[in-house]
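After this come two complexes, each holding chain A, first together with chain B and then together with chain C.
Here is the complex of A and B:
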């Protein structure tokens, strides 16, 4: 049993960041990743444990100047039911709908999902489609320091990100999509919930007259990190979504995905699923 | 030795306090410190729902919840559902429909069903099915569970409208 010398439950962001500036702290929010990982021994606690769930003004969903901001502590249940998300970014609600179970969604945070940096993190995929950025905060020179990182450049390898150990993720933001934006998400799994994605696919863009513009495509669980599928995007950009274009997109997907064999699926099966899902999602977009 | 954390919270309507290790989970605290063995340990990983409790009105898996996070919160366990006159209507419906086989999953199943009905008095069978996805029954008695939930909804509805 590892020794923990202090347990912190700060109420303010300043307090949390100041603690993080003075050395290693294990941060948790809902604990739905941290608890099983530490129980299974794949992760160790540092000597200080910090519960960030009580920090004020770090939750909630709001729109300001055409930008939607989701606070790090916002739960998946809140995202699933929020009118702003349902109206402006239903692709996020769609991912929340297929996320774990009610009991998990009620505590699992969006910040935790992003920072856990699993290639299978289900909220990451639609956020990539929405071209989101994360805000990171730290404490230096007696003040809060903030920086923004596009989500696409946040992940470096499984469970690794560009976030420093003294930084807290405070929010995720994205431009409110235009009225003609269509976004669709699909994850694998024989049942709607409690399923860690074997493959996930998100597609979005401005869709009018059968043509997709500003195409953004994200893949989950087919590479060491969640990723934007740039080859697929190029194959779709400015094109009418007909059978030929969809076929070309499926071929391009092979250049974007680098799937591996693991306990959930073989690389071959993942590649196959990816094509099936991409085709299905593109048909959904076309059907809009 | 790790530090001990002092917490106080409402447990089934009573103000209580505890001194616990920082990594102890709420499930362990409820069972071993408060003797509330209705909340069950099965998977310990958030997959099965046997440990479901209500925290500030929302259900969650107590096996994943740090006990220290109970501080200042309102916690309700299966023991807290009973009314002054006996079982609550959801508990009664489960008994009446024979939804219980070995019973191990039942405290969690009933906590979750009660939460679903409290938040949606017109809960449909399909919504109940989705809402109970995080509750596994290894005796596989789901049909009768859903019958019980449906009848609890009907009773609640009739009382109201």
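Here is the complex of A and C:
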């Protein structure tokens, strides 16, 4: 095991970003992915370990100017219980409901779940449906530098993102959905808890008069990264959600998903489940 | 003589059948218990094992020089240090290997000041391998041109077993229906919460003390000694609290002699403890099997014959796994009234992990086959399915073809009770009728039963137990017993029996049962035997102590001993309950009289059963028992997920001793059985385990446990303590085929290779629908 020679616990974002400027810091928040992955040899700690939990103003959920901002340190449990989420984006609470178990939800952070960049990441799917973006901060020229990246473009491959080693994910934001927005999430797993998604499906959009507009569809665990299912979205956009349209969406899903065989499921089962869930979720949306 | 009588009388209150909490439960719940895994001894070193990580190879070169030079390393051992130290059932194992025969073969071991240093040292060991072609299924291993895994086992043949009774050809000719299927029970493992761990220490006289998780401390000495080249008498076994065993600690596994050999080499205590990943790879499995079974019956429902041709994947070494045919054949010949039987089993060496014993011991695999074939036949005969089961259920006094004497047999009562409580017959018919109807979710109900030894199993020369019991001057009782406690609750049972017999509070009973230098002989925790055997031993010892005490009371009070009784910590008149003297006071009087005496008794109990014998024709257990499970499930026909809605249990327990412990055994047994049925599966690819973690090896978790309705049928076993029989394996044995039968009832899909995991079920249903189109 790599020896950790210094442990940092900054109180301010400035302090944290300055420490990260050289890029050789392991950022620790909940540790629910980091610790087991390091133990298993998948990751290595840098010599400097930085606990970001004490940084002020990096947690919490707030709404400002029609935009909902979730701080990176916010735990999955907080999202699951938050009235603002329950009212404006229940799809996030629904995903949080199926996230690991209480013990893990109580410490795992939204920032960590996004940065872990697992194709099976449970919170990523509904955030894609909400068309979220992440805010990345870094330190250069004696000041904080910030950039926004749409979540859809954040992931490059399993466990890899566009975030640079000197950048810290500070928040995830999305526009508060309109009153007619409907969102639904479904993940596989016979176990009610502690199940890594074999497949996850999220669907959202403005739904009125039986017609879905601004359709956004996200798939998990069927490709190297979580993804927006653009072919499915095109098949649904502006359409009345009837049996024909749903059938067309299921066919389109085959163009979006690139599932593989692994220890958890075969490609056949993933494709099969994807269609089952997509159909189920679209029927739920139609039933609204 | 002074006579102190309190005002009120003391009534007889029996504890038998009450709910008694396990004495160690509060410490375990609060985290106070120090398990063996928590133990640290002064000067203790940490041992780590280098595993091969490949299934079959020759070791061309091994260089440990750099590891030995690492500061903090005290010893490095390899196969050449352990050559000739053969151990195991057929002496085919050795602590460290010179040839690799499975992924987890132990190649080298290091003792160091810390686990980290030991781990670093392992990385410095250079090994050059020459990979050899492997054998990964027993069918492949049995082929004439298969690579030979061991020179001295031609054809890769390990153990084989046979039992025949009656004329199969004639019975076949007399059958109206024959079901013929091949079942493939899979690899699963015990998943004890406490990973494998041993601490070894030698004294200067060459005596070894080993702290270990073993569940059979006395024969363990005999099995460990050859792996160390010492005498069994030079081994002291201490059993600290363990985090589960379930049969996995019924043999010696290489980490134990490795810890001892490192201790010998360094002169310091050495602890070897597996990580969870190592535990998955290197601890024993349940024996997988390929069971070709045929069962026949007449149109009127009378069973005519059963045959089983079994091929076992022995794995690379021979532990208890390939001996399971001893029980498989009892089920084949004794599960319902089977007049004609033909059983044979052959184990074949492969380069897979090897199996040990695991709760249910061969019966989990066999009942998965017998109980499904009974369900298949039930759909063919001219009888109501429940009537079909009852018609073939043995009655008290019947003797099976293998000479198991079913003295008290209540299988029919178990069937009737469970069927009535779950409305089985009606639901089975209704759900079958709805199978083809539209709808994504289908309900199903499935019945399964089995038979198991419930009064020990005389597979050794002895199936007995020694007990020493003393009652001190304060009327505190110490029971020194051979019965090991591995979480199963014999501590509560022994405490309860002592309190019942001697009329003392439960808290006044202490158990000493974890040191082979102190406690007397016992065969070990296996075969659902401990409540039966140790219960009898304890009761007999307690009654001897009671007789001595009442004899003294007779002397002091002049009232006949047989009119006196021990109740509420006093000697009382049996008829009216009037107390004569407090027990502690009496004990002191006995101690300090002119002819002083202490209450210290010994007992050796050997059950009335016959040795198994090479012909397998013996009444090998002092009792047999049955259980019936009826599972009600909902199947998502699209995802293949099975939700177990309810399980109704009816089990012959002889008599309930500790109701709380019994309920716990049923719940725990069903949890293990449900994992086997639904989700647990060691995914092996050419001998390499692909899911060595709890993320991908899926145990049943608390939210998936269905509601259980338990009916305990009390057959009052003449030989059992208070009438009790052994209980703990049947719950694991019966549940899986009940689920499989329910799946068929719901969907028309029958799956012969567990687990009934979602993908397998979804695929089977999709394929069936495809065929129908």
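The criterion applied here is as follows: the second predicted complex is superposed on the first by the 286 of 288 C-alpha atoms of A that agree within 3 Å, B and C clash if a C-alpha of one lies under 4 Å from a C-alpha of the other, contacts with A are read in each partner's own complex, and residues count from 1 in each chain.
Going forward, a residue touches a chain if its C-beta (ideal position, glycine included) is under 8 Å from a C-beta of that chain, and two chains touch if they have at least 3 such contacts.
None of the values given here were measured: they were computed from a predicted structure.
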{"item": "Touching partner for A:100 - first (chain B), second (chain C), both, neither", "value": "first"}
{"item": "Partner chain in contact with A:194 - chain B first, chain C second, else both or neither", "value": "both"}
{"item": "Chain B versus chain C as contact partner of A:170, first or second or both or neither", "value": "neither"}
{"item": "First, second, both or neither for A:221, with chain B first and chain C second", "value": "neither"}
{"item": "When both partners are placed on the shared chain, which of chain B and chain C touches more of chain A", "value": "B"}
{"item": "Contacts of A:9 with chain B and chain C, given as first, second, both or neither", "value": "first"}
{"item": "Contacts of A:51 with chain B and chain C, given as first, second, both or neither", "value": "first"}
{"item": "Touched partner set for A:35, first chain B, second chain C, both or neither", "value": "first"}
{"item": "Touched partner set for A:118, first chain B, second chain C, both or neither", "value": "neither"}
{"item": "First (chain B), second (chain C), both or neither touched by A:109", "value": "neither"}
{"item": "On chain A, positions contacted by chain B and by chain C", "value": "1, 191-194"}
{"item": "Complex contacts: residues of chain A adjacent to chain C", "value": "1, 40, 188, 190-194, 196, 263-266, 268-269, 272-273, 276"}
{"item": "Footprint of chain B on chain A - complex, ascending", "value": "1-7, 9, 28, 30-32, 35-36, 38-39, 45, 49, 51, 53, 77, 100-104, 106-107, 191-194"}
{"item": "Contacting residues of chain C [partner chain A, same complex]", "value": "116, 277, 638-639, 641-643, 678-679, 683, 690-691, 693, 695-696, 698, 701, 703-704, 758-759, 762-763, 766"}
{"item": "Complex contacts: residues of chain B adjacent to chain A", "value": "1-3, 5, 21-23, 25, 44-47, 49, 52, 58-61, 63-66, 68-69, 71, 112, 115-116, 130-131, 133-135"}
